[in-house]
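Structures incoming, each one as C-alpha cells.
Two complexes follow with chain A in common, the first pairing it with chain B and the second with chain C.
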Partner chain A sequence: MIRGFLAVLAVLLIIGSLMLGTPFVGVNRLFAGGIEHIVVVELRAPRLLLGLLAGGALGVAGLMLQESLRNPLAVPELLGVSGGAAAAVTVCVVFGLTVPGAPLLPAVAGAAVGAGLTLLAVRGAVGPEATLLIGAAVSAALQAVLLAASALADSRDQGVLVRYLLGSLTGTDWADVLVVGIALAVVTPLAVLCLPSLKVLRLGDEAAASAGLNAGRARVVVLTVSCLLIAVVVGFCGPIAWIGFLAPQLARALGTASAFWSMVFGALLVVAADLAARTVLYPIELPVGGLTAVIGVAVGILVLSRRRRRVPA
Partner chain B sequence: MIEAEDITVRFGSRTVLDEVSVTVERGEWLALVGRNGCGKSTLLRVLAGLLPPADGVVRIQGDPLKSLSRREIARRVAILSQSMPPVGAMTVSQLVRQGRYAVRGPLGMLGNGQDAAERTAMADTAVLDLADAQVDHLSGGERQRARLALALAQDAPVLLLDEPTTYLDVRHQLEVLELVRRLQRERGLTVVTVLHDLSQAARYADRIVALRDGVVHTQGPADEVVDAGLLHAVFGVKGRVWLDDLTGKPMCSYDAASS
Partner chain C sequence: MKWLIPMVVVTAVLAFVQLLTGSSMSPVTALAALFGGDGTERQIIVELRAPRVLVGLGAGACLGVAGTILQSTLRNPLASPEVTGVGSGAILGAVVATTIGSESPIEMVVLALLGGMLGGGVLWLVASLRGSDPLGLAVIGVLLSAMLAGATLILLTARPQLAGAMTQWLVGSLNGRTWEHWSALWPFLVIGLAGAFLVTVVLGVLAVDDDHAKAVGVSVTPWRIVVLMLAVLTTSVAAATTGALVFVGMLAPHAARALVGSDQRVALPLSALIGAATVAAADIVAQNASLPAGAVTAVAGAVVMIHVAKRTSAATVGGMR
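What follows is the complex of A and B.
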C-alpha cells in the first residue's frame, strides 16, 4: 500500500520535474523536438538525475552515520563532513585556486579534513555522544572558515557561495551527472559491504565484539565510506541539508532501517524539494537546501518530541 | 579447552582479579559463584576476550586470545552478557541472524536467507513463534531467550553465560538450564556460567569455582565444595546444605547474614 503510493509519487515527481517551469512542457511534448526538447533534455533531465543521485547517496550516508553511531542526530551536518567539503570548495572558488579535479577532489579533501579532525579528536573519547559533540564543534569551526571566505568573495561568486552554504541544483549539466554517477558507482559497492556491520553494531559494542565484529574499527570504516558519499554530493550540489537525517527517519517510520528505503526516500525528498524550490516562489528560485533544512528541522523536532512522549524521562 | 593463567584485572586502582587461574576441560560445565563484585562477571569477560587483562594469558584451544582476531574468537567463544541496549527496529530473527557474522563474514551476511544454525538456535530457545516480533517490544523473559538464541547461533564450541536465568520465571529458568545441559551433552559444548543461585549451580555444573575478593577461594565438584562453610566464607550467610533426594546434589537454604 505505502510502497505503491511511493511508486506513484516517484513517477509523478519525475514527470513533474521534467514538465514544470518555464517553459511549461506538456506530457505529450516531453519527447517532441524544438526548444522545449532542449530545455527538458539539457536542463531539467540532468538536474533531475543529479537530484536523485545526490538524495540517494545522502540518504544512505545518513543511515550509515546514524546506525554506526547509534544516534538519530548523527547527520553529515553535525560531523564536520559536509562543512569540510563545502569550506574547501568555497575557499578554492573565492581565492581563485585552480585545483585539478575541482570541485570533486577539493570536496573529498575537505570532507576528509573535517571528518579526520572529528575522528582524531574522538580518539580516546568514549562513546557515540562524544563523537557528535566533537563533530558539531568541528562543523562550527569549518562553517566559520566558509563564512570568512565568503566575506572576501567577489559579488560574481555569490551563486557559488549560496550553493556551498545551502546546497543547490541550479545549473546542473550532464558533465556533473556523469562525474557524480561514476564516483558513486565506485563508492556504492564499499557502502554495500558496510551494511552487514551496521546491523551488528546495533547490538552495542560489547555484543558486537562477541559476535565477531571489532566495533571501533568497523565504525571507522563506515564513517570513512559515508564521508566519501557525502563528499561526492557536496562537491557538486553543496550541503543539501538534513536529507541524511530525514531519509533514514522516514525509512524507520516504514518499520525498516534499510539502506534501500533510505536511498529511495533521500532521492524523492531532494527531487520534491528541488521542484518546490523552482516553482513555489516562481520566478524566484530558492536554494533547495534552504527548503530541506526547514522541513528537516521541523521533522527533527517532531521526532524528538514523540520520542520524549513515548519514553518519559 | 580454556586455560586462564594468572589473570589480573584492575579498574583504576582497584584490583578486581588478582592472579586468577582457571582451566575448563572440553565438554565441562563450570559455574562461577561468589558475591556481587567478586569479579566473576569480569573473569567471564576476560575469557571471552572482551576485556584484555592487565596481566596473564587466556588460551582457547591452545591459542592465546591475543593472537586471534575478533572473528576467530567469536567462532570459538559465544557469550551471553548481562544486558543489551535497545536495538531499535529489529525483529527477533534479524537479531539471531547477527550471530552468524563471525562464520559468514560481511559478504555472506548480505543475502537474506536463514541458515540451519539460525533455525536450530531459535527452535532450541523456543523463539520461532517470535521470529517477526520486534526485539524492543519483548518481555524480559522472551528477550533473554532471544539473546540466548543469538549466542547459540554462533555455533561456537565454548558458551559463556553471565546470569542466564535473570529475568526468567522458574519454568523458563529450568528450561534454559536444561537446554544448556542438553547442548553440553549432545554437542560436547564447553560451558562457563555465572550463576547467583548456588543450588542451581550445584545441580547443573560439573565443577564450581568460588571467587572471593578477586581470588579463587575454593574450586571443585559441587558435592565436595558446597557446604555451610562455603556459604559463610564466600557469601557471608549462615545457611544449611543438604543433598537433594532426586538429584543427589547439594541444596542450600539461607537463614541469616553471618556476622
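What follows is the complex of A and C.
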C-alpha cells in the first residue's frame, strides 16, 4: 500500500519536475521538438537527475553515519563532514585555484579534514550529545572559514556562497550529472559492501564482537565510505542541508531502517524541495538546501522533544 | 574585584591598538593624527575608526552579559546566544528588517529583539516539554539555530539586492560601522548593562536551584523571564549592529568564571569586559588579515565550546553512570 503510494508519488514528482516551471511544458509536449524540448532536455532533466543522485547518496550516507554511530542525530551537518567539504571547495572556487579533479578532490580532502578534526576534538567526550555539540562547534568554525574565504576573496558571486552554505541545484548541466554519476558508480559498490557490517554495528559493539566483527575497524570503514558519498554531493550541489537526517528518519517511520528506502526518500525529498525552490517564488530561485534545512531541522526538534518525553531521564 | 581593574586596562589598551590599526595608514601616522595631525587622517580616525571601536566594544560587552545571564539562569554551561536560538533569531529579525526596506537602526534592533524572543521562546517551549538536561537542550538549541539560519539565508536569496551583505550577517564584522550604529547601540547597551547589574543578586540565586530561590523569596518564573529578556535584548542589539560575532557569548562568561568563580557581582562585569576585549582583539587580528572579526571569534570560540562540551559531558553523563 505505502509502496504503491510512494511509486505513484515518485512518478508524479519526476514528471512534474520536467513539466513545471516557466515555460510550462504540457505532458503531451515533453518529447515534442522546439524550444520547450530544449528546456526540458538541457535544463530540467539534468537538474532532476542530479537531484535524484544527490538525494539518494545523502540518504544512504546519513543512514550509515547514524547506524554506525548509533545516534539518530549523527548528520553530516553536525559532524564537520559537510562543513569541511564545503569550505574546501569554496576556497578553491573563490580564489580561482586550479586544483586537479576540482571540485571532487578538494571536497573529499575537505570532508576528511572536517571529519578528522571532529574525531580529534571528540576524544575524551562522553555520550552522543557531547559528540554532536563538539561536531557542531567544529562545523561552525569551518563555516566561519568558508565565509571568511569568501569575504577575503571579495567574492561577488553570492551563488557560490549560497550553494556551499546550504546546497543548490541551480545551473546543473549534463557534465555535472556525468561526473557525479561516475563518482557515485565507484563509491556505491563500496557502500553496498558495508551494509552487512552496518547491520551488526547498529546492535552495539558487544554484539559486533560476538558476531566476530572488529567494531572499531568496521566503523572506520563505514564512516569513510559515507564521507566519500557526502563529499561527492557537496562538491557539486553543496550540503543540501539535513537530507542525511530526514531521509533515514522517514525510512524508520516506515518501519525499515534500510539503505534502499533511505535512498528513495532522500532522492524524492531533494526533487520535491527543488521543485518548490524553483517555482514558488519564480523568477527568484531559492536554494533547495534552505527549504530542506528549515523542514529537516523542524522535524529533528520534534523527534528530539518527543523522544525524551516518553523516557524521562 | 582584583581582576576587574586589570581587565579594564587590557580592554582599553586593546581598544587603543584597534583604533590605530587599519589599512589606510600606519599606526605611527595614526598616533600622530590622533594628537592633531592633518585633516584627512584625523577625520578617518574620528569618523571611521572611533565608531568602529565603540560599536565593537559595545557589542562584545552585550554578548558577554547575555552569555553570563543565559548560562547562570538556564544552569547550563553550554548556553550562549549561538546555542539557544536567541542569536540566530535576532539575526533573522534584523534581516527581516532589511528585507522590508527599513533604514533606521532602531527598527532593526526592535525586529531583532522580536526574532531573538522567537528563538528563545521556542527553546523555552521545547525545554518545558522534554525537561532540560544541559547537553540535550544545547543540541536542540544548535538545531534551532541551524533552522533560523536557513530561514535567514532563504530571505537573503529571495532579495538578491541584499545578498551582498550576506557575509556581514552570517559572520559579524565591524567594517563600515558608523556613528549611526553607535547611536542605535548605546541606549540599549545602557539599559541592558544597567538592568543586568541591578539583577545580579537574582541571577546568583537563580543559578543555584529553584527551591533555594523560592526559599529566599524570589518568585522563580517571573524573575527568570525578566532576566532572560535582558539576555535577549543585549543579544539582539549586538546582532542588529554587528551581525553574528560567533561564540563571544560562549567565550567571555567561561573566561570570567575561570578567573573569579561564580559570584555574579564580579563575574558579570568581568564577562562584559572580556567580551568587549575579545571583540577588540579579534578585530585587530581580523583587520591585519582583512577577515571579518566574527570569523576570528568563531574559531577561537569553537575551541572553548569543545572544551566545555567535554567537561559537561564528563560531569553529567559520567556522573550518572
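Quick notes
Keep in mind that, in the parts below, the second predicted complex is superposed on the first by the 294 of 313 C-alpha atoms of A that agree within 3 Å, B and C clash if a C-alpha of one lies under 4 Å from a C-alpha of the other, contacts with A are read in each partner's own complex, and residues count from 1 in each chain.
Here is the rule we use: contacts are C-beta pairs under 8 Å (C-beta built on N, C-alpha and C of every residue); 3 or more make two chains touch, one makes a residue touch a chain.
Note that this is a predicted model, so its numbers are computed, not measured.
Of the two partner chains placed by the overlay, neither chain B nor chain C lies in contact with A:Arg3. By the touch criterion defined above, A:Ser210 reaches chain B but does not reach chain C. Within the superposed three-chain model, A:Ala293 lies in touch with chain C and out of touch with chain B [touch as defined at top]. Of the two partner chains placed by superposition, only chain B is touched by A:Leu193; chain C is not. Once the two structures are superposed, chain B and chain C can be ranked by residues of chain A touched, with C on top.
Applying the stated contact rule after C-alpha superposition, one finds that A:Ile134 touches chain C and leaves chain B untouched.
By the touch criterion stated above, A:Ile284 is placed in contact with chain C alone, chain B being left untouched.
Contact with chain C, but none with chain B, is seen for A:Val145 once the two complexes are overlaid on the shared chain. On chain C, the positions that touch chain A within their shared complex are 78, 82-83, 122, 126, 129-131, 133, 135-136, 138-140, 142-144, 146-147, 149-151, 153-154, 157-158, 160, 163-164, 166-167, 170-171, 173, 246-247, 289-292, 294-295, 298-299, 301-303, 305-306, 309-310, 312-314, 317-318. Across the interface of their complex, chain B is touched by residues 70, 192-197, 199-200, 202-204, 206-207, 209-214, 252, 255-257 of chain A. Across the interface of their complex, chain C is touched by residues 73, 77-78, 121, 124-127, 129-130, 132-134, 136-138, 140-141, 143-145, 147-148, 150-152, 156, 158, 161-162, 165-166, 241-242, 281, 284-287, 289-291, 293-294, 297-298, 300-301, 304-305, 308-309, 312-313 of chain A. Residues 48-50, 69-71, 73-75, 77-79, 81, 84-85, 87-90, 94-95, 97-99, 101-102, 106-107, 109-110, 150-151, 154 of chain B touch chain A in their complex.
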